[in-house]
Structure formats: C-alpha cells, structure tokens
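Across the two complexes that follow, chain A remains constant while its partner is chain B and subsequently chain C.
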Partner chain A sequence: MAKPKVAFYWCASCGGCEEAIVDLNEDILKVADLVNIVFWPCAMDFKYDDVRKMKDGEISVSFINGAIRTEENEEMAVLLRQKSKIVISFGACSHMGGIPGLGNFWDKESIFESAYGKSCPSVDNPNRIVPQERWQVSEGELTLPKFYNTVKSLDQVIDVDYYLPGCSPEPYLTMNAIVKLLSGDLPAKGTVLAPAKALCDRCSRSETKPEKLSIKKIERVATLQPDPEKCFLAQGIICMGPVTRFGCKEEGDGRCISANMPCRGCYGPPPGVKDVGAKMVSALASIVGLDGEEEMKEEDIQKLMDQIPDPAGTFYRFSLPTSMMRRKRMTSEEN
Partner chain B sequence: MKRIGVFICHCGVNIADTVDVELLTEKLADYPGIAHIENYMFMCSDPGQNLIKDAVKTHKLDSVVVAACSPTLHESTFQNAIAEVDVNKYQLEIGNIREQCSWVHSNKEEGTRKAELIIKTAVEKAKLNQSLDPVSAPLTKRVLIIGGGIAGIQAALDIADGGYEVVLVEKKPSIGGHMIQLSETFPTLDCSQCILTPKMVQLGKHKNIKLYVNSEVEAIGGFMGNFKVTIKRQPQYVDPDKCTLCDDCTVACPVVVPSEYDEGLTYRKAIYVPFPQAIPASYTIDTENCLGFEPIACGECKKACLAEAIDYDKKEEIFIEDFGAVILATGFDLYPVENIPEYGYGKYLDVLNGLQFERILSATGPTGGKMLRPSDGKVPKEIVFIQCSGSRDPERHKPYCSKICCMYTLKHAKLYKHKVHDGQPYIFYIDIRSGGKRYEEFIQEGVSEDGIVYIRGKVAKIYKEGDKMIVHGMDTLTGHKVKIKADMVVLAQSIVPSEGSGKLFKTLKLGTDSNGFMSEAHPKLRPLESLQSGFYLAGAGQGPKDIPDAVSQASGAAAKVLALMSNDEVQHEPIIATVDENKCSGCSVCIGTCPYGARELNEDRIAAVNDILCEGCGACISACPSGASQQKNLTDDQIMKMINVIIN
Partner chain C sequence: MRKFEPKIVCFLCKWCTYAGADLAGTSRLQYPPNGVVIKTLCSSRIDPEHILYAFQQGSDGVFIGGCHPGDCHYQSGNYKTKRRVLLLQNMLKQLGLDSKRLRLEWISASEGNKFAAAMKEFTETIRNLGPIPKLDKEENNQ
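After this line comes the complex of A and B, so read on.
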C-alpha cells in the first residue's frame, strides 16, 4: 500500500516551525518511513505547480504554519485545503495569528511607512519607493502578492481540522499527532492536539502560591531577579500560565518556567476560552491590589495598573487576530 | 429540544402602551424553541397564573419565559406557579419588558423591537437552563444581638421569652445605651431610668440571655442559619459577683477622667461604675487612663477593696460562638458640635448638646438636677434652644431630618421652665414635626402653658460677650433679625450612626446608606432586615427614631428571627458557582476573590465551592482564566447566545 502523502507549508512565518519538524531528530527518519513528503518549500525542492497538479484530497495531511499576511499565503492555504484530506494548523501563528498578528494594531499604510519611510531611522529612501503589486519591466510584468491590512489565523481563511499549538510545537506533540492521525483514530474535528489544562496544573511553583493571591506591585524581569522556586504571580511578575494550555514540555515545568522566565502564552488558551487577553486581564484585575482594596482610592488603583508594561504585547502577544476585537479599528473598508 | 412557553403580560397599559404585545405574540410564534406563546392583561393575577399552569399541562412545556415586570417583584410568584404543575422552578425565566423597556421608552416601534430582543434573549437562556434543587443547611437556634441600648434590650427579651438562647454584645461596660442618660422621655415625661431599668434588670437575670459587656464583634464567618462569630471581650478587672458597689475604690483612685455618662460635664475615676443602675452591676477599670498594673504603678483600688473583687491578672478573652441570626442594634451618637464653626466649634462651655442638657436636667447628673450652667454655676434666666443643628443641611452637614429633636427640644424647654419659673426659653425652629401619638398636644401645651417662645428661623452665629452668649438669628415670620443675650444655648445636634458602627458594618459586610445608617432590604415593605440574609435591624442604627419606634422595630425584628427559628433548616439558592474539574488548573486566582470565603483548593489542587456559603455573586467566575468556573443557569455559553441575539 502506498505511503500516505504529507505536506508542510509556511505562510507568514519565522521558520521556527520548520525547525520544529527538523527537531524531531532521529524520529524524522521514522516519519520518512511512515509517510511520503510531497511538499516542503523550506527543505525540499517542490514547486507550487506540483501541488496544483494533484487530485483533490490526494494529500493525507498538510501541516500549515505561519499567519495569513499576504495574498500568496491565503492562496496557498486554499490550495492545500483543496488537495488535502486533513489540514493541521501548526504553530501559534497559524493557530491564533502569532507574533505577526500584532501587526493588527496598524495597517498596510502605516507598516509600509515604518519599513520604507522616514519613520525608520536606518532607511534611506527619499523617493519613498515601496513594493508594488504589479510592475512593468522590459522583460514583462512582475507581480508581488497583495499585502493585506489585517493578519488572519489559518482558520479564518480555510476550514481547519486540528491544531498543534505552540511557538513552536514540541516535537513530541508533533510525533504523537502524526502517529495518531495515521492510526485512523481521529479525535473530534477542531481539537487542539495538546493537554487540556493550563500551565498551573503541572507547575512545581504552584504550591508556593499563598492562599489568597494578591499582587502589591507589578514587577518585571528587568527590575526583579525572579526567585527560581516561587510562583511568578506571587512575586508580582505577570505570567500567562493560568490562561495558557500546557504542552511545551512532555514532563515537568513549562519550558520558559524552567528557565526562570514567566510564561508568555504561546500555546494559546485552554479549551472553551475565546479571548486570551480578556481572560488574563480579568484574572489579573482580580488579584492586583486585592489585599487592602477597600481602602484604595481611584488614583491608587490607576497607579497600580499603570505598572503593567505594554498591555497589548503582554496580553495579546500571540492571539490578537483571533481575539474578539481582532484588530484596531480601521478607517478604510479594505481587507 | 426544549418546549418553551412564552407568556407576555400587558400589565394593563404599563407595558401594552409602549410594546405591541399582540404583534410580538404573532411574530415570535415561529421562533425556534418556542412551543407556545400567548399574552394576557395581568400575568401575576390568579387567572394569569392559571393560564400558565394550564398551558404547561396542555402543551407539555418544560420551560417558561414570562415577559413582564422586574424579577424582583414576581419571579417567585411564577416560580411557585410552575412548581405546582411539576416544572422545576429554576426553569422559569423572566424577560423584563417593563422597567427595562416600556417604562423607559416612549416610541412604540422602538419599544416593541427592544421587547422582541429581550424576549428572544430570555428564550435563548431558557434553552440551556437546568433544573436545580435548593441547597439545605442546618440551623443554629441561637441569636446574636449587637448593641445593648433600648432596641437591643427589647429584642433580646422578646427572643429569650420566645425560648431561644440570646447573646447580647455591648461595647460599653453597661447596657442602657443613650436612653439611660435621659432625664425624662416625651410625651409622658416618664423618668427614663425608671422605665428602662426594669427591662435591664430582667435582661441581666434572664436564663436565656448571656451578656458580654466591654465586648465587640471582631469577625464573622458562615451564612444565614450558621454564623460563626468571634467576640473579643476586654476584662473589667472587677468580679461582678464579688463587687458590693461600695464605692471605696473610686475614693482611692487618683486618676480623674471626663465622665462619658455625664457627657464630659463632670468627671469619674479610672475605676468606675458608669451609673448606679449599671447592668452588669460592677465597677470597671479603664486601662487607657489607669496608671497601669503591668507593673503595678498605683494599686490603691485593690488595697481599698474589702470584698477582694479586683483582679489585675484578668486577660482579654476571645469567644467563638455559633448563631443562626444576628440583630444589629448599634444605635446613634450626636453629630459633634465641633463641626459647626458658627456655633463656636464646641469651645463655649455654655453651648451644649441635647444629651449634655439631659444630664443637667437629671437628678443623678452633675448638678444634682438643679438648673445651673457649666461655666460658673449660675442659674440661666434666658436660654436659647436651636433645632436642626447640623440636620436638614445638605450643603455643609447632614441632609436628613433627625426626627426626634422637635419633640425633645420642647421637652427640654418645658422641664427648664418647671425648674426656673422666671426663666425665658426661646426655640429657633424651621418646622415642628410632631407626628407621633400625643406629640402635637405636647407641643401645644408647651406653647400655651409654659410660655415658650418659638422663633421661626436659623441662627447665624453665637459668640461670647462678657458672661453672656450672644445669639444672632432670624425671625422669618416677621422678617426681622433677632439678637438674644442668652445665659445658655442648647443645640439639637443631628443624629448620626454610633461611633465605631461603620467599622463593624464593614466587617459584617452589611449594606449602609450614604449617611452610614444600616440599609433595610426595602424601605416600605422590608424595614426590619438587611439584604444580607440572616441580619436584622433594630433601632436608631437604621435611621433616626424615637423610643416607641425603636421598641416596635426591635420587637418586629425579634418576631422575624423567631419565625426563622421555627424551622429546622435553612434553604439556600442554588444559582451558585461550579468548577469543572477537567478544566481547573489550580491557578488559585479565584480563591481570594470570594467575599464569602466559599472557595478553597482541595487536596487535588482543584478549586472547590462550598455550596452553602456561595451567594452566586460571580466574582470567581469572572476571575477564572480557564473558564472552569461557571455559574449555574448563567454560563458563559448562555451569555454568549444572549449577546448573539442582540447583535445579529
């Protein structure tokens, strides 16, 4: 029987998710044994036309990482959806929009201004030359894909079967997913293929939390040397652990926690939570200044909350495109 | 799929004038989930309720939406109606199309459109409502009364006579409140101590009443029917069983302190009995002013005591006791004269407040009942009384009327005149409020028989000139300014909640109004209880009132408590928080948010809810970052579906 066909593609991506596949190390040989990789622009020499020539559903599983930033990303996502039986949204950018998703605080105009215009100090572009979608040269017409105003997650442009979360997903999760899918024992459509509970469930620091968690002063890793054994929230350092799904390590504490850094939330929320930022803000507001809150005045509360550095980047670092608001309000109607 | 019945009420024209109920009945008939829909004039009436019950039976409905007035009015009416036809009462959903729709809009088209949305959201919520059972808890048949004034005393006697155990906690060394300081009470001119002390003695001897004086409530936990209260008692250092009230100790004591009972007009010693009829009948050492006994700096009182009743080694005690209900009777104090600059900031000796004047009138007071003024002991011939001092003044002092001042000021003027036959009392007033039984007659008697001069106007300034107090006021009925050279001035200061009660109310999380008085559950129909279950209110702590009203309220609160005690258990609403163990990661963010202490982490480090303590406030639910915490019959899912109805 022919080996099942598998494809890997990257949209608006940093390449880390491609690395994550390579990080399977020796297990990649097992993967190569089990499947036939028919498309992997990063590592192998296949062309888009190769995919276009395939029959619908010919690819058993496509792993698509990266956010949808340009027309090309969307086109390829749609194409692979057509040609695949199962599409897996691979990595945080594909799952929730990821770091590129923070671009949704701006639009094409302001981003181009920043990259090609006067606002960037290292750019010398007095004639403001910017990329064009169509450009005539003597040899013919050159085209570039359209740059969208809004970054989207994969499931906002195509139907997604499963998600492998994380920035980037752990090799053991990827391996488990491949084995499970090939066994034919398919979980419910839309399942995120990682443990269902938040980080605190497995965190060794959880026991150091006091009975009544209360933050008196918000600290940053830049201003306070974190105690390597105490819960970050108990120390006043914002940790996205309570609102983030576990999975970044097969056993023990989360990856960042083990390095004495607070969790940033790259695995996305536990099941049932739609808006990561809103939930974390609710949770944080419930514990900031809890002790002595009856005596606090408006100004005291404002001062306490002002200590949060970069709320947008902290609470919506990976999930802005899939949040309830999705993006900063735009004046134009364009996508 | 649930079979939901929708019943739209006209409420006469209250709803029907602004909401086209007939149109809605027709329009919503096909909405998915609605198995039956009809409208009626007055759903809350008997025929209206029967309509619902019949429809439930005929159309086999398992859930009911009533689109009518606010749930605070008739939710329980309809819940009980459907329970009578075997539908769980928590399958009842109210869509408020009156207070939140017809009463706040005037355009019928808009009102109808909004009512349609309201009904649809109620239907969406009803679709996911679950049948629930109330939580039952046992009931402790003991009652705590905080405050030993006339209201606290009356309530204690009523409940104790009803056969239940009462614990009365009083801050001062004796019960009696302010009533025991009064000389005579209006309108009967009964001697205040003579009518109060029998009740005090009865209380002291009652087998069902345990009295803690010098005590305060430190903390309270639990819930209605099962309160756990921490009481802290400061020692008196004198054994009431041994003390013979011989007074030798006060003679020996070298420390002199202004007397609280005599409102600072005279002094007491550091070891003292507040007044002769004190209950418990015992002396007390005031450790704040005593020279000290750790180490013993003086020790004279102990040496003088032949009964050997004094024990310096007594310590502060903590009692933790269980109660089923709590009655708050914390009483009042007077608004300080120091807060009124134009009347002298309280620095004039001959400008007094009402309680100070009572002590001068009293036979057991600092002047032995003679009418003498504090500064030089002279008999005041011209005396000015000022009503509404600090009251009815929203800009600078208290906005409310203190209710009793018109009556006691006349009483003061009358009693003054009985003692100083050639004296002239003047009363500055804004209105005369004498609504109680025989009150108006009392006032008229004062005017016609006792020669009291009433001047309608406010006093702008009081100052001293020589040995007279100059009172500058206005007579608005004649339009002339008035200047009186008075020997003494008595201010009817505003009634305020008693000192320290604010802190107590915060500890108990008891609702208060903007003036600090305890909030009743409903000003008209539920004046004796707090919205917080298990707390009942009595006396001036709930608002200024006279003695008959305080006694009535106390007996009323006692009756409510007796009704509660006649059950064997208490029922608790089941619309409470739940935790999905499969989602909870033990992050503990929710634990500290619960104002009722109803949450904790269990041995598996999962958040657990105490069903009985949870009041369904929702704080933990909004705090939960993983959606593990949800409210029964108000889940995130239900809320999202309701929002979708409105925005789509």
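After this line comes the complex of A and C, so read on.
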C-alpha cells in the first residue's frame, strides 16, 4: 500500500511551528517511514503548482500553521483544504489567530502607516514608498498578495478537522496526533488534540495558593523577581493558567511555569470557555481588591483596575481574532 | 431612513433590581421600552462572556442592575460585579467601543423610580451614541 501523503504549510507565522516539527528529532524519521511528505515549503523544495496538480483529497493530512494575514495565506489554505482529507490547524496562530492576531487592534492603513509612514521615527522612507499589489516593469507585471485589514484564524476561512494548540505545539502532542490519525482511530471532528484540563489543575504551585486569594498590586515580571514556588496570581503577577488548557508539557508543570514565568495562554481555553478575555476579566476582578472590598470607594476600585494597562492585549494575546469581539472597531468612539 | 431605536439588554438581579423594575411596572411609571430584561440570581452571576455575547449579537447597550453595596443576598457578589464591570469597560475601550455602552446601577426593590429614571437616561445615552459599530468594513478583506 502506498504511504499516506502529508503536507505542511505556513501562513502568517514566525516559523516556530516548523521548528516544532523538526523538534520531533529522531521521531521525524519514524514519521518519514510512515508517510510521504509531499509539500513542506519551509524545509523541502516544492512549488505551489505541485499541489495544484494533485487530485482532490489526495493528501491524507495537511498541517497548516500561521494566521490568515494575506491573500496568499487564504489561497493556499483553500487549496490545501481541497486537496486534503484531513486538515489540522497547527499552533496558536492558526488555532486562534495568535500573536499576528494582535494586528486586529489596527487595520491595513494604520499598520502601513507605522511600517512605511512618518509616524515611526526609525523608518527612513522619504519618498513614502508603499508596497503595491501590482506594478508594471519592462519585463511584465509584478504582483504581491493583498494584505488584509483583519487577521483571521484558519477555521474562519476553511473547514478545519482538528486543532493542535500551542505556541508552538509540543512534539509529543504532534507525534500522538500523527500516530492516532494513521491508526484510523479518528476523534470527533473539531477536537483539540490536547488535554482538556486547565493549567492550574496540574500546577504544583496551586498548593501554595491561599484559600482566599486577594491581591492589591499587580506586579510585572520585569520589575519583580518571582518566587519560584509560589502561585503567580498570589504574587500579583497575571498568569493565564486559570483560563488556559494544559498540554505544554507531557509531565509536571507547564513549560513557562517551570521556567518561573507566568502562563501567557498560548494553548487557548479549555472546553466550555467561549471568550478567554471575558473569563480572565471575571477571574482577575474577583481576586484583585478582594480584601476590604466592602469599604472600597469607586475611585479606589478604578485605580486597582487601571493597574492593568492593556487588558485586551494581555488576555487576548493569542486569541483576538477568535474572541467574541474579533477585532477593534476602527470607527473608534469617543471615550 | 428609520429612526434609530437602541436595543438594550438588561441583566437584573432577582433580589433587588428585578423587584425594583417590577415596582416601576406596578406603579405605572413611564420609561422607554428599549430594554429586554433577563433575570439573574445575582449580578455576579453575569459572566463578562454574557455581556460580550450581547454586544456581539448586536445589542447597542448592556445594563446591569444589582443590590446596593452591603445588600447582596449572597453577601459579596455585587462587589465582584463592580470590579468586573470596571475592568471590562477598560477592555471595551481598547476594542473601540464606548465604555458608556455598559452600565452598572445599584437599584433596590423599593426604588422603582430610580429604575425608571436609569432606563430613561441610559436609553438616551445609547441613542446619542448611535448603533453599535459593525465590523463590515474592517472585516471585508477584499
């Protein structure tokens, strides 16, 4: 029997997810034994036309990482969907929009202004040259893919079968997923191929969390040396553990927690959470200023909450495009 | 063009504001009919997810009514609501929405007048702000 065909593709991403595949180390040889890699632009020489020539559904599994930022991202996602039996959204960016998704606080115009315009002091562009989608030269017409206003997650442009979360997905999760898919034992469509519990559930620091968690001051890791054993929230450091799915390490604490850094939420929410930011507002507001809440004046509460200078950017760090509000409204209202 | 009529979702706590709204009704007080009332056991039962969902579904404003500080039937729910609303308002501003679209009022069961007045004022505020901004332009990538 011919080996099943597998494709890897990157949309708007940093390349970390490609690294995550290479991080399979020796296991990648096992993968290569089991499957035939037919498309992987980052690592091997294939052209888009190779994919276009394939029959529909010829590829068994496509792993697509990265968010949808440009026309090219979308075109390739649609093409791979057509040619693949199973599409896996690989990594936080294709799962939820990821870091590129933070671009949804701006639009094309404002992003181009800061990248090529006068508003950024480090940009030296006296003739204000801005990339064009079409340009005539003597040899013919040059084209660039369209840059979108709004970043989207993969499942906002194509039908996605499974998700491998994380920035980037852990190799053990990738390997488990590949083995599972090849065995033909397919989970329900739309499954996130990672544990369903929240990070706090597995965190060894949760023992140090007091019964009644109350914080007054929001601390930052930049200005405070975090205690390596104490719960981050109890130290006043914003940790996304309560609203984030576990999976970032096979055993023990999460990866960032083990490195004495708070969770930033790249694995996305556990099942049942529709909006990470809303849940984090709920969780954090419950513990900030809990002690003495009866006597607190409105101005004092406002000051407590204003200690978080960028709540939307912090809570939706990896998930703005898939949040309920999806992006900033550029018709910005007076506040 | 038809005149803009604000759509408002009101989450009212069963013990105080809902009873206050009842009193406003039985006292035959006049107030705008723009609010759709959802009864909750406590104002802190309202998850910020519910509020965002209301906005996502096209509500132009969200009104939350709870017990006065110290009067919460569950002792301290309303304090949490207060903090959540303030933090959520900060987040709404970042997402390009006016924080005035989300309003929290303490209204007791005996304050039918206050409920009617708050509804009048809030409906006017939203009427002046206009419909909640749609994403059609921003999300059209073509």
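One rule holds for everything that comes next: the second predicted complex is superposed on the first by the 328 of 335 C-alpha atoms of A that agree within 3 Å, B and C clash if a C-alpha of one lies under 4 Å from a C-alpha of the other, contacts with A are read in each partner's own complex, and residues count from 1 in each chain.
The definition used in the following text is that a residue touches a chain if its C-beta (ideal position, glycine included) is under 8 Å from a C-beta of that chain, and two chains touch if they have at least 3 such contacts.
Since we're looking at a predicted model, the values are computed, not measured.
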Partner chain(s) touched by A:209 [first = chain B, second = chain C, both, neither]: first
Partner chain in contact with A:330 - chain B first, chain C second, else both or neither: second
First (chain B), second (chain C), both or neither touched by A:294: both
Partner chain in contact with A:269 - chain B first, chain C second, else both or neither: first
Touched partner set for A:279, first chain B, second chain C, both or neither: both
Which superposed partner A:118 touches (first chain B, second chain C, both, neither): neither
Greater chain A contact set [chain C / chain B]: C
First, second, both or neither for A:128, with chain B first and chain C second: neither
Shared chain A surface residues [contacts with chain B and with chain C]: 273, 279, 282, 285-286, 294
Chain A contact footprint on chain B (complex, rising order): 506, 582-593, 600, 605, 619, 622-627, 636
Chain A to chain B touching residues, read off their complex: 196-201, 206-207, 209, 211-214, 233, 241-243, 246, 269-273, 279-280, 282-283, 285-287, 290, 294
In the complex with chain C, residue positions of chain A that touch it: 71, 74, 105, 107, 146, 148-150, 152, 273-275, 277-279, 281-282, 284-286, 288-289, 293-294, 296, 298, 301-302, 304-306, 308, 310-313, 315, 323-335
Of all residues in chain C, those that touch chain A in their complex: 47-49, 51-53, 55-56, 69-70, 76, 79-80, 82-84, 86-88, 90-91, 93-99, 129, 133, 135, 137-141
